[in-house]
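Just passing along the structure, written as structure tokens.
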Amino acid sequence: MIRAAIVGASGYIGGELLRILLGHPEVTVTQVTSERMAGRLASSAHPNLRGRTQLRFRRAEELGDCDALFFTTPHRLTMGLLPGLAARAGLVIDLSADFRLDVDAYQRYYGTPHAAPELLTEFTVGCPELARDRLRQADRVSVPGCTATAAILALLPLARSGLTAADVQVDARTGSSGAGRGDGAAGAHAERSGAMRVFAPVTHRHEAEIARHTGLEVRMSATGTPATRGAQVICHARARCPVSEHDLRRAYRQQYASEPFVRIIAERRGIHRLPDPKTLLGSNYCDVGFAVDGDGTRVAAIAALDNLVKGGAGAAVQCLNIRMGWPEQFGLDFPGLHPV
Amino acid sequence: MIRAAIVGASGYIGGELLRILLGHPEVTVTQVTSERMAGRLASSAHPNLRGRTQLRFRRAEELGDCDALFFTTPHRLTMGLLPGLAARAGLVIDLSADFRLDVDAYQRYYGTPHAAPELLTEFTVGCPELARDRLRQADRVSVPGCTATAAILALLPLARSGLTAADVQVDARTGSSGAGRGDGAAGAHAERSGAMRVFAPVTHRHEAEIARHTGLEVRMSATGTPATRGAQVICHARARCPVSEHDLRRAYRQQYASEPFVRIIAERRGIHRLPDPKTLLGSNYCDVGFAVDGDGTRVAAIAALDNLVKGGAGAAVQCLNIRMGWPEQFGLDFPGLHPV
Amino acid sequence: MIRAAIVGASGYIGGELLRILLGHPEVTVTQVTSERMAGRLASSAHPNLRGRTQLRFRRAEELGDCDALFFTTPHRLTMGLLPGLAARAGLVIDLSADFRLDVDAYQRYYGTPHAAPELLTEFTVGCPELARDRLRQADRVSVPGCTATAAILALLPLARSGLTAADVQVDARTGSSGAGRGDGAAGAHAERSGAMRVFAPVTHRHEAEIARHTGLEVRMSATGTPATRGAQVICHARARCPVSEHDLRRAYRQQYASEPFVRIIAERRGIHRLPDPKTLLGSNYCDVGFAVDGDGTRVAAIAALDNLVKGGAGAAVQCLNIRMGWPEQFGLDFPGLHPV
Amino acid sequence: MIRAAIVGASGYIGGELLRILLGHPEVTVTQVTSERMAGRLASSAHPNLRGRTQLRFRRAEELGDCDALFFTTPHRLTMGLLPGLAARAGLVIDLSADFRLDVDAYQRYYGTPHAAPELLTEFTVGCPELARDRLRQADRVSVPGCTATAAILALLPLARSGLTAADVQVDARTGSSGAGRGDGAAGAHAERSGAMRVFAPVTHRHEAEIARHTGLEVRMSATGTPATRGAQVICHARARCPVSEHDLRRAYRQQYASEPFVRIIAERRGIHRLPDPKTLLGSNYCDVGFAVDGDGTRVAAIAALDNLVKGGAGAAVQCLNIRMGWPEQFGLDFPGLHPV
């Protein structure tokens, strides 16, 4: 058993990480931090965990040594905290946005200079489908954003196969949990319930990550949906030469044949023909699918995942499993619910 | 045309009152106040009203004269504000809780002494089904709480007919708009979405109003539902002697035969057999229904309404119409939507 | 007062048309038809209308004369019914898809030959923003599809101003009421609730209408959302030359300055910055907005409406008002609700 | 490993049972039946299980031998099927209503004579909190209804302690999945979304089960909520003598101190003070709580659970674990999600 700690564990993604690690056969969670809730039970923030853990939040400054240290603190805050705490553990996995980009892209997309630029190159992208081999030896891991992961996994077979042109339009939809606790007036139930809120009509920060990892020229819009959890992307691309559904299926299968957490969902019949976050809540799957129009020129790539799991805490645990040489499914075997 | 003003018009019930009055054929809204949003357009708080009004919020202290003055300020705050502003208009209609009870009941249920006890007896209950005649001459009107109105209208035919015993258990369900803007962490979308939150398991403040107006001995529990709007009550009573559905229907018809905004919904077939707030959003109807078990001993009375309309702003306008001698439907003819 | 009749009035769009016409100051609804519910009260299908009308459904074959005849029957069925019934009224307004396209486009997009091709050229498009002058004298009107209307109104200022290139990617999102009653297993609550169902990933029938009326080359994907009502589109276009937000605002204002039911919603602050169907339920507004990226090359046009109102029944009544020379707002003054 | 089979596995509760058993360390699911979907993959009915099983549905008549046989067929149908198939396995666990009552109560509540009355006495109630010892040797198990389980677990500490009088009013709320697939027009998304449908205003079938197992005199009303999953009850009782919160807490603790799947949730602060199905989706917990009014006379007992898990499939697996002498948590360790 290794000892894990979570910095910023009172948030939604921290809670989901705690849930997963409490069920992990090789991990003991020994410390969780929260400035706001220091001294209180972790389960007071995460009611689903009542009866599952007696851990109490402590302050970050009280953090002791452990084997694996996870950061689920907000972006901008994390780059200030992480350098001082990283020495507590051999393995550091960051779920914030702060160590995903290079120094210039960070400044451009987050509007502020990076506070620890010297550390940026130490981090390996926490996406097994992109970097499994490097992750086997990575001691600093940065998990991509939830819609970035969805778009990367949707687009990777197109980018690698060269079936489509480089410029892609991505339309992303995300639930309210992505905004975290304390989204203020905009996040009030009466305001958000039933809303389709276009919060990023022409460009979104996650573009930079998608472009970095696929080599494509990506434009992304994003809309907040009435869901609490879940993210979905539809990516619109043009075929270089006319393609068939068969060509696409082959490309997706080649890419993902042995991936434990990517399923190809592109069916001709039934209710559940393409990826939908509804069937993925709590699961570490990213479902990916595709479609092409009748003349083979327009391609859509669709992906869906749980923003807090495969789009965050689950991806982090999958990276941990790879780093430790454990089966990738450890702690991640919940398949999702239907109906829900 | 009379001139109307709304104090506290940036809240949800204030917005709904503004919507209704803007469509009223005999009213011009001349002033709306909000301390927090003074200087801004009313439609910036109420996006459905964009293009409908150029009114801007002012501070309460800037309030000038008008003919009808509505208070949609929070309880506890209203009793401090109203005495100083009431002289601005001949007719004052309060939608807060502050002038609904007598001085003792107020202290008991709201946990604080009343700040203007001398005014309490000046107010007439703003429920036309209870007090239409008095409302024709009332210059001070206090509109009941939303679940109180629902329960009163559900129970009145039972109380007046004497068909059931005096002690009644009321189970109330309310949407999130009832908590107003700024419900804080508990009101965040991710926390409230899909929740069934029992916030009042054994007793609720509106009991006092229901008891006062029906003469029944009422216990009420209340649960917050995943809806934004709407309130529903199921009231459980025991028949004094065995009763039939026919007896009940007669009692409800006698009570409400000529009421323009109470519909009796108690059908044996179809999807919509008993009152449901779903079909009432935006409407001033209170639907009431009933059922009795096979041996005639247990009776259920059900009511549903839109908490912001018949449970608030619509009731206030109906009272205005009565006071002014206008048709009661003025401004209130929207029937609700289906499906929604 | 003119006499109106609705063929196929038991469906959702028929019910919404009935609601609007019952509140119209110059119209009396004299007949409603439904094969399935013949003999039953119209309000048994539309529970919000209980107490508002005593009309009963009759069979289409029993239809007598009237002044304005509306078809809210399903596509494919309508083209068989309409020719035999059109003589009952001087003015015929069809809300189905059957008279929107030319004969070739119909065959291509609906997969079946048209049953009454000789009538196609008699119809004027029922979109006042496109064809107000022609509608003043049109006796045959065909209302566009809900997402087509949204996309047309979002794109018209771009198409007319020439600010953007001709090829446009439209991403549409629609609530479950668009599928009508009887959507079968796919439409069951447990299957649809919370779903984001990509039912048209690369192409959608409404493309043909959008292209026809804007001259643009349009590709549209469509996703079913968890909402019951409402439609929204995000349209992605490329600027021909770099454009500013100011250029866009001017183009939208020029196009819609005097339109009573198009609002421009493109704000920099607040919760409700871009069009969202949430604030439009029951209203005849189509809200349109826009955004451009920092270098002025990528433009997004967004529109939202209530699919059953401005996307159907409301548009039909607006056309009626124009044809009859009445104020366009007659029957259509409900502004929508917030929050809901 | 034992071999399990599920009769009627294409329904929602069958799918949930399949999900749980696929993750059970001591069980292999060898057969699933569905008449409607015979020959198709089980995952075509349960999209969350894609990639988890290659099982295909067969017809019930093709059922071969196994060790544990589960029935998730509808009531009325089950009593016809079960007698002919029960010999296929040593252990039979029925999740329908058909073997829960005695012959008279069945006739009274289900309106039809029982088809296999001689088998009724062979069944042990599948509620570990009521009958753990008997379940250790039971070869025929009948799992209670979902709201019955919730009410029984809410009320058991009151019934056993004698703190309250015998007559209890139960108000139950259930999500749409409880009606199963194929709920027809009433179950369409547009009709059910946002609805609070009082489908049982004065009496509900589960009363008979609750009374049988608690000895209380129970009246139950039931309302369909907008949720897909989850059931909640509020039970209203009168104290025999004034009771305190302390008395109640002691009674609940005594009853449930060593129960692995009952949590006592009765907190004075925070957002999640009383049982709410929102935090229980997918989990086998039944959360129970209580409250008492200021003078100690009125008591509310609240319970919440996932109707498809602790209210069905999870309870069945817990019974299996007890019968086999395995830890009760086997296959049931998913704690639920928050937020969701």
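Each chain carries a letter (A, B, C and D) given by its place in the written order, and its residues are counted from 1.
Note that contacts are C-beta pairs under 8 Å (C-beta built on N, C-alpha and C of every residue); 3 or more make two chains touch, one makes a residue touch a chain.
All of these numbers come straight from a predicted model, not from anything done at the bench.
Interface comparison, A-B against A-C: more C-beta pairs in contact at A-C.
Of all the chains, the one whose CA centre sits at the greatest distance from that of chain C is D. The pairing of chain B with chain C is characterised as same-residue: of all residue numbers used at this interface, over half are used by both copies. Chain A and chain C have CA centres that are 38 Å apart. Separation between the centroids of chain A and chain B, computed from CA atoms only, is 45 Å.
Within chain A, the positions touching two or more other chains are listed as 12, 177, 185, 190-191, 193-194, 226, 228, 271, 339-340. Within the complex formed with chain D, the residues of chain B that make contact are 169, 171, 173, 185-186, 190-191, 193-198, 201-203, 219, 221, 223, 225-227, 230, 232, 234, 236, 271, 273-278, 289-294, 298-300, 302, 304, 339-340. Looking at the complex, you find that chain D touches chain A at residues 12, 15-16, 19, 22-23, 44, 46-52, 177, 228-229, 263, 265, 270-272, 279-283, 285, 333-340.
The part of chain B that touches chain A in the complex is made up of residues 12, 175-177, 181-183, 185, 187-194, 226, 228.
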